[in-house]
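First the structure, which I've put down as structure tokens, then a few questions once you've had a look.
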Amino acid sequence: MLDDGKKPLVSVKDLKMHFPIHAGLLRRRVSEVKAVDGVSFDVFEGETLGLVGESGCGKSTCGRAVLRLYDITSGSIQIDDREIGATPQPDLREMRPTMQMVFQDPQASLNPRMTVEDIIKEPLDEHTTGTDAEKRKKVSELMDAVGLNRKFAKRYPHAFSGGQRQRIGIARALALNPKFIVCDEPIAALDVSIQAQVVNLLEDLQEQFGLTYLFISHDLSMVRHIATRVAVMYLGKIVELAPREGLYADPLHPYTKALLSAVPEPDPSLARTTERIILKGDVPSPSNPPEGCNFCTRCPSVMDICKRVEPDYREVQPGRFTACHLYNDANDTAE
Amino acid sequence: MLNYTIRRLVLSVPTLLFIAFVIFMLLELAPGDPMASMPLTIPPEVRQQMREALGLGEPWWVRFPLWLKQFFIVEPQYWIDNAFGTNFADGAQRIISFQSRSPVFDTIAERMPQTLWVVGMSYVVGVAIALPIGIISAYKQYSVFDQAGTFVSMIGFSVPPFFSGVLVIVIFSVQLGWLPSIYDTTHRVVDWNTFKFQLQQMIMPVMVLALQTTAQVSRYMRASMLDNLGQDYVRTARAKGMSESVVVMRHVLRNSMIPVVTVIALGIPSIFGGAIITEQVFKVNGLGQLLIIALQGSDIPMVMTITFLLAVLIVMMNLIADILYGVLDPRIRYD
Amino acid sequence: HEGERGRDGELRIIYWQAPSIMNPYLSGGTKELEAASLVIEPLARYDTDGNLVAWLAEEVPTVANGGVSEDLTSITWVLKEGLLWSDGTPVTSTDVKFSWEYCTAEGGGCAQSEKYLDVESVDTPDDRTVVVNFSVAKPFPYGPFVGAQAPIIQAAQFADCLGPRAPECTEQNFNPIGTGPFVVTEFRTNDVITLAANENYREEGKPAFATVTFKGGGDAAAAGRAVHETGEYDYAWNLQLAPDVLSGMAEAGLGENVVSFGTSVERILMNMTNVDPALGDQRGVIGNPHPFLTDKSVRQAMSMAIDRALLTEIGYGDFGRLTCNVLPAPAIYNSDANDACLTQDLEGAKALLDEAGWAVGGDGVREKDGVRLSVLYQTSTNAVRQDYQALIKEWWEEIGVETELRNIDASVFFGSDPGSPDTFQKFFADVEMFTNNFDGTDPEAYMAGWTCDQAPQPENQWQGNNMPRFCSEEYDALRAEMAVTGDIDERARIAKAMNDILMQEYIILPLTHRGRNSAHAKTLGGVQLNVWDSELWNAADWYRTGDNR
Amino acid sequence: MPDGALPVLDVQDLKTVFQTRGGEVHAVNDVSFSLKPGELLGVVGESGSGKSVTMMSLLGLLPSPPADVRGGRVKFDGKDLLNVTPEQLRSVRGGKIGFVFQDPMTSLNPVYQVGFQIMEPLRKHMGMNKREAAARAQELLELVGIPDAKQRLLDYPHQFSGGMRQRVMIAIALACDPQVLIADEPTTALDVTIQAQILELMKDLRDKLGMAVIWITHDLGVIAGIADRVMVMYGGQVVEHAPVHALFTDPQHPYTRALLKTIPTIQGERAARLTIIEGQPPIMAGAPTSCPFRDRCDVAFDRCAVENPPRYDLGDGHDAACFYDVRTRGPRDA
Amino acid sequence: MTDISAQVQPVDHVDPNAPFEPEEKARNQWLDVWDQFRSHKGAMAGLIFLIFITMFCAFGPFVWDVDPGKLDIRNKDVRPIYVAIWDGDAKTSWARPMGTDHLGRDIMANIMQGGRISLAVGWTAMILAILIGTLVGVLAGYFKRLDWGLMRFTDLVLSLPLLPLLLVMMLLFRDPLRAAFGPENGIFLLIVFGIGITSWMQTARIVRGDVMALKEREFVLAARSIGTPPRRMITRHILPNVLSPIMVSATLGLATAIITESALSFLGLGFPSDFPTWGKILFDSVDRMTAFPERVLWPGLAISLTVLAVNYIGDGLRDALDPRIRGL
């Protein structure tokens, strides 16, 4: 591993989250959406792991599954040395303060009928004792911390701008002093000028409280900015995981390459000269992934083997993991 | 879809059996007595004999299975015999009404035409009036038309039919002498004149009943239209240069109808059972009147059979509403 | 109004209660009976004055003309010459005998088996002669085959419908072959019956109408409206409406109200047993006397407080008469010993209660020894009865009797479900009100209802007509005497005496002698309202007057 | 980029106001721009700056009330679109001007087949019969790169992925060979690989069909890759307007400069901290009497608070609405 | 589908910084609700009418202290006082401003007394129906494993005939209730209960559908991530958000309850005869409609206007309770 000194705060092994599809006369389970299909990664204490990928590839599901907002299909999740992969929901309650989530859509994730104060206070009500006044004070502090004016405590979410709403969501996540926060595309719904505010805030808070983030996004430039290491997902699987610099400078997996080349550059001269890898076709359905490598249907450098054998997810360079036959020739041709 | 339908049908059988049982026990517990309508001059011993002749001497655990057998086995056999001249039933006893001593199903079949003509037609008329009102109210929200529509429909909803019915009779039959006050169930439509008469005798009960339907359906329609008028695809349609009528009648209406159709379907059972008062006021003598007479006469087989058929209708309409939902909304597929 | 059969076209009759069947043997309901009387007929029936008239028989047999045996155990009927069923076959004595067999067959649940009580056998010496043999002496042998309740049905048609098979004969029950003026063309149960003139009807030129539409259902007001105000119907049956409503309708001028008085009396019954719910299954049992209604002065005071004239005027107007008897008709049975009840006497009632020691308590309710005069007053749900209740409550409260009203759905109240506490027979209330009457003109069975053994009790599944659970040896003795008395005047004396006991004990408080009122269009002629038999008894004689329709 | 040709679309002083419970919202204030045939005009600006409202005002697509197009001129095809009969306007919509909306997930009617929705404008504007329209619809789908076009005409929108739905929207907009295509953030909801596909497609189509395109976005990267000229909007106004190279190399308005700085890139130096534009977007109540960017501007003068800067022409088709002159680092004289 | 007013969303994003007074002291939330409610003209008119009719019925009898059950045969069929305007000969009396019925009972006193009962029946039955309907709907929508059973239960109740049900209830509960609450309250409870338990099904269905949709919303997931247990999840997050369909059902439910009560009179199962309700007065007067139109007019108007008022109040309340519309 890259930094052997650091210990993983979160350790996910072979996580699978399949949503069943029921059909037939007796509602038998006929098939399933393999939203997350065997994902393993570690998140080290104090780092930000970026998780990128196309829409629908299972990023949100993965993030939610890690926090056990879903009852997962299989796999192990260790947070803070506690295995929570199979813990029943009521028992998870006491774990909740350590792990929190910031949601994709700041509008949708705030109850429109609760005031900001109530929203931020809810976790306190659930997990802490103390008088109402104490809690209110804590709420005010949290609002300060995320840069929200205390005066707005009695307002409803709709009266805020997107960036402010996202701050409310962050304040709620911070309320219980979590160690680990899953940020599920916290900026996707925001305007560019506000995205920066939120990202800066997240960074500040990380510094201040020593937080660990799983930062989900499809904005590669933002991930480059915030993440220490980056995992790239495609169709329910991680295809590449590497430290930020290495990944952006020298992507290994063809999908990562295509993804990076597709990011528009805000510079007309560059933008028109870069050779883009334009992928053909659409993402296959997660309920019916192709045989072999999931990416084989769109891969520009597809080989025969890709269509038959699923590549292993392995460390190909120190600290760099990928799942691609291009980097497997030494071992797997024997197959 | 077919699978789904079959599955739902299969599942509804135990439900219906249970419902049948509950209804039976309810009637069993109810204090009515079929002898209550007999004159007091008939001495008690004779009453007792008559009661026994009706089978009321047997305990419920004999009579309930007997009813089940008659309903599910004997009656279908009779229909088959009737249709194909076979002889499955072989003289088995059908479900016989206590009051008329005739097969319950024959009576129900006899009542069907007027129920369909009046109650069915009123539903059709009610819906036919409600839809345009709902559409216009929503399209011109807060206009005078909209306000008046709300006002009239609420008034219509809140006037009991035993009053509105008599009121229209007093006006149109007694004062003006335009319309018959008593529905002629034996009337046959053969030519224009008889058709005209049929219209004349239907118009009052249909309108009184339709008022209630209109009030409710138009509210739903309005709400649903309002939901859809704000959708993005409406703007798309306008941007394509479609005229307002096409936008509203083709694009918005079809989407708005999806929930409304299910509401309409779910309302059908209650209209069949709920037309009791109106049928009584206009002497339509349809199923509602049959039910009320049977109830008043404690004609248990009749009540049992009609209520059970209504229960079947309710369950079927639930199913049909779901299926319609799927048919109208291509996003929903039952498989 | 003479002429060929069917000359007057359509006759439209409305009954606000719809007939469910055309066979009076399977349903004792008035509406069924009357509908059926258009089609099937008895050997003899009562006319508008309650006199027996021969119908299918040549004459009414009596002891005098030898038709009834001296020992009163058999009666011989002779059918009219040349009678035909509507299907053209001749009516014979076998048909008459069959009618008896049909009603008495085991498991048939015949509603009229009371009519054939004590019939031992029916002999048919020839095609036209029928001899009915009774097992006991019958001072009044006109039960079998007499009146709308016991018509003659065709043996050929009903042969397969005996006993338990009776209900399966839907076709027969809906469309009996008869001798009456009409035949059923279509029968819709609880809805409409259409009939056509009987081509084989025994009288030439009758009926005047070619078809009859007999509509059922709705309510009395609608039926009245249809005859009086819109003229859609020619005849409306039993318009139980408030008199002002009815006269208001009649002002429209299209119809005419007719009334006739039978034996119906609206009455209040006083419960002699205690029905306190706390008693559990001892409620209403004879051993538990009522805490205060057993005090005659209370009952009398309650009777005195009632203004029967006012009640009758409000509730029935011209269609009710004042009476102080539970047996007001026929005239020879009507006692005049109790006429004091006709005048309301609130002061007298109060004085009577004072005298009996019932002192007015703080809340205006009288009490004695901790017993409050508080009554639960129940009746069936019906607009006129509710008006009666309201008025009577007012009066009773004035004399210090607290009154709680309760009205119960008729199907429950008049039902005899032993599980229900609300039946009029169980009488789990202190006072109750309803109307009763008797068929025909002989009060014996009716008066027998108040003997001790007729009290509804748990042992007899609460059956019996003595709802007040009144018991008097004197009364029972009179009833026994009547059973063996043949002489009509003597019978009248006994009946009056029995009536007087009930009245003077204030067990039953008669309120109104109710007439039957129906309405017919002014263009309908020949209507003779008959309360002793079917209202449609002479429908064959009805005809159209004027040229309105 | 054909220069000198007559503009196909010429907008002058467009003004749109919304009537709301809280008072009027001046969403578009005196916006002017023109579009030459075959040109691709990029429109950028932060959320709520009035980009969509401007474009929808052109075609009268705003619901009225609350919207009220108060003034201005929209010259298209020799007519002023703000002063034509509804029927004429309808023939322009979808016929001569195509419109692609932001959200492909909701912009298609969920209950009609895609084919039907493409055929609708064809039958209305081109008077085609069903068969011709179907053939043309198939052609269009192929044009926007949907394989199996014939089959997919019969599919419903939910059976398409987001990228495909957006392509369907483009096909609808292109159906009647419009002279102008207005694309309102057509790729914002899509992810980058699909966005790249659409951008490629767009460039292709423009070259092939030679129509003028207005492309709204707030992603400067997209603009950089596709636009000929760029219009920057802020607070309902055009604050800067320039050829694409000039805008990126020589931004004149402080908002444009700030905007260029906020965006992280995947190439070049990784900034330790993102620059942000402090403050909140303006509330557009009442006609502007001052510079809308003033509160957030780092070079604001007193003058900015009392006067709304006009668009200063800086030559080479570049103009900016700011009193501060970057080149002289001082106030600009009128 | 149910949130009729969701369309009138005003501009979003009122800028939170600028226009508000600096001191944003906890302004009473209910004051805001009231302010918004006040701006709804129909709702205000409805409220005023409802207060008026409630006061009229509740306190009217103290002012107009005529016993509604008191019979006065000599003064029966008195016409309302206004009839004198066009018909000088009519039997009118200032002592009986709205006239008397055919037994001489004062109509005004009866309308007041009837209103008390009708309103009480309407409100209680409606509240009961809403409670049951919401409970069933929320449970079915929220807990997947209860869904099937509860929905079949709904079907079952839907298919039960009201009449025998009421008869059975009378049979089983009348005497215990009478003993516990006295004869009048006993029968009142029975009828209210009967109406209540037979009219919650529509509410349950609608609420269930909305809850199922809400359950998928992100803020519910967010609450789960906080560790909110199901009970509070429902009370805090689900219920407030299904308020508007419940409100619609409630307004319709009040009307249905009042009308069902009068239908029971029609079927002969309603209150005892000395227990007037609007529905019963209306029903009892239908036969004399032409001669005495006032007897149907007043109770009919009372029912209709009350229903209308409640409907408008419901509309206004729904807007007022929705912070998005309140525009706070």
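Just so it is clear, A, B, C, D and E label the chains in written order, and each chain counts residues from 1 on its own.
Assume a residue touches a chain if its C-beta (ideal position, glycine included) is under 8 Å from a C-beta of that chain, and two chains touch if they have at least 3 such contacts.
Everything numeric here is computed off the predicted structure, so don't read it as measured data.
Counted as hops between touching chains, the shortest connection from chain A to chain C is 2. Fewest steps needed to get from chain C to chain E, stepping only to touching chains, is 1.
The largest tally of C-beta contacts between two chains is found for B-C.
Comparing mean CA positions across the assembly, the chain most remote from chain D is C.
Taking each chain's centre as the mean of its C-alpha atoms, chain B lies 37 Å from chain C.
Averaging C-alpha coordinates per chain places the centre of chain A 54 Å away from that of chain B. The centroid of the Cα atoms in chain B and the matching centroid in chain E are 25 Å apart. Chain D has its Cα centroid 90 Å from the Cα centroid of chain C.
Looking at chain B, one finds that residues 29, 31-32, 166, 174, 280, 295 touch two or more other chains. Shown for chain A are the residues that touch two or more other chains, namely 161.
In chain D, 48, 280-281 are the positions where the chain touches two or more neighbouring chains simultaneously. Taken together, the chain E residues at the contact with chain B in this complex read 1-4, 6-8, 152, 155-156, 158-161, 163-165, 167-168, 170-172, 205, 248, 252, 255, 258-259, 262-263, 266-267, 279, 282-283, 286, 289-290, 296, 300, 303-304, 306-308, 311.
Listed in rising order, the residues of chain E touching chain A in the complex are 12-17, 20, 22-24, 26-27, 29, 217-219, 221-229, 232, 236-237, 240-241, 243, 321-324, 326-328. Interface residues of chain B, counted against chain D in their complex, comprise 231-233, 235-243, 251, 254-255, 258, 328-331. The residues of chain E lying in touch with chain C in their complex are 69-71, 73, 77, 102-103, 105, 167, 170-171, 175, 179, 183, 267-269, 272-274, 284, 286-288, 290-291.
Put simply, chain A touches chain E in their complex at residues 64, 67, 69, 90, 92-94, 96-97, 100-101, 103-105, 108-115, 122-123, 126-127, 149, 151-152, 154-156, 158-161, 164, 169, 172, 176.
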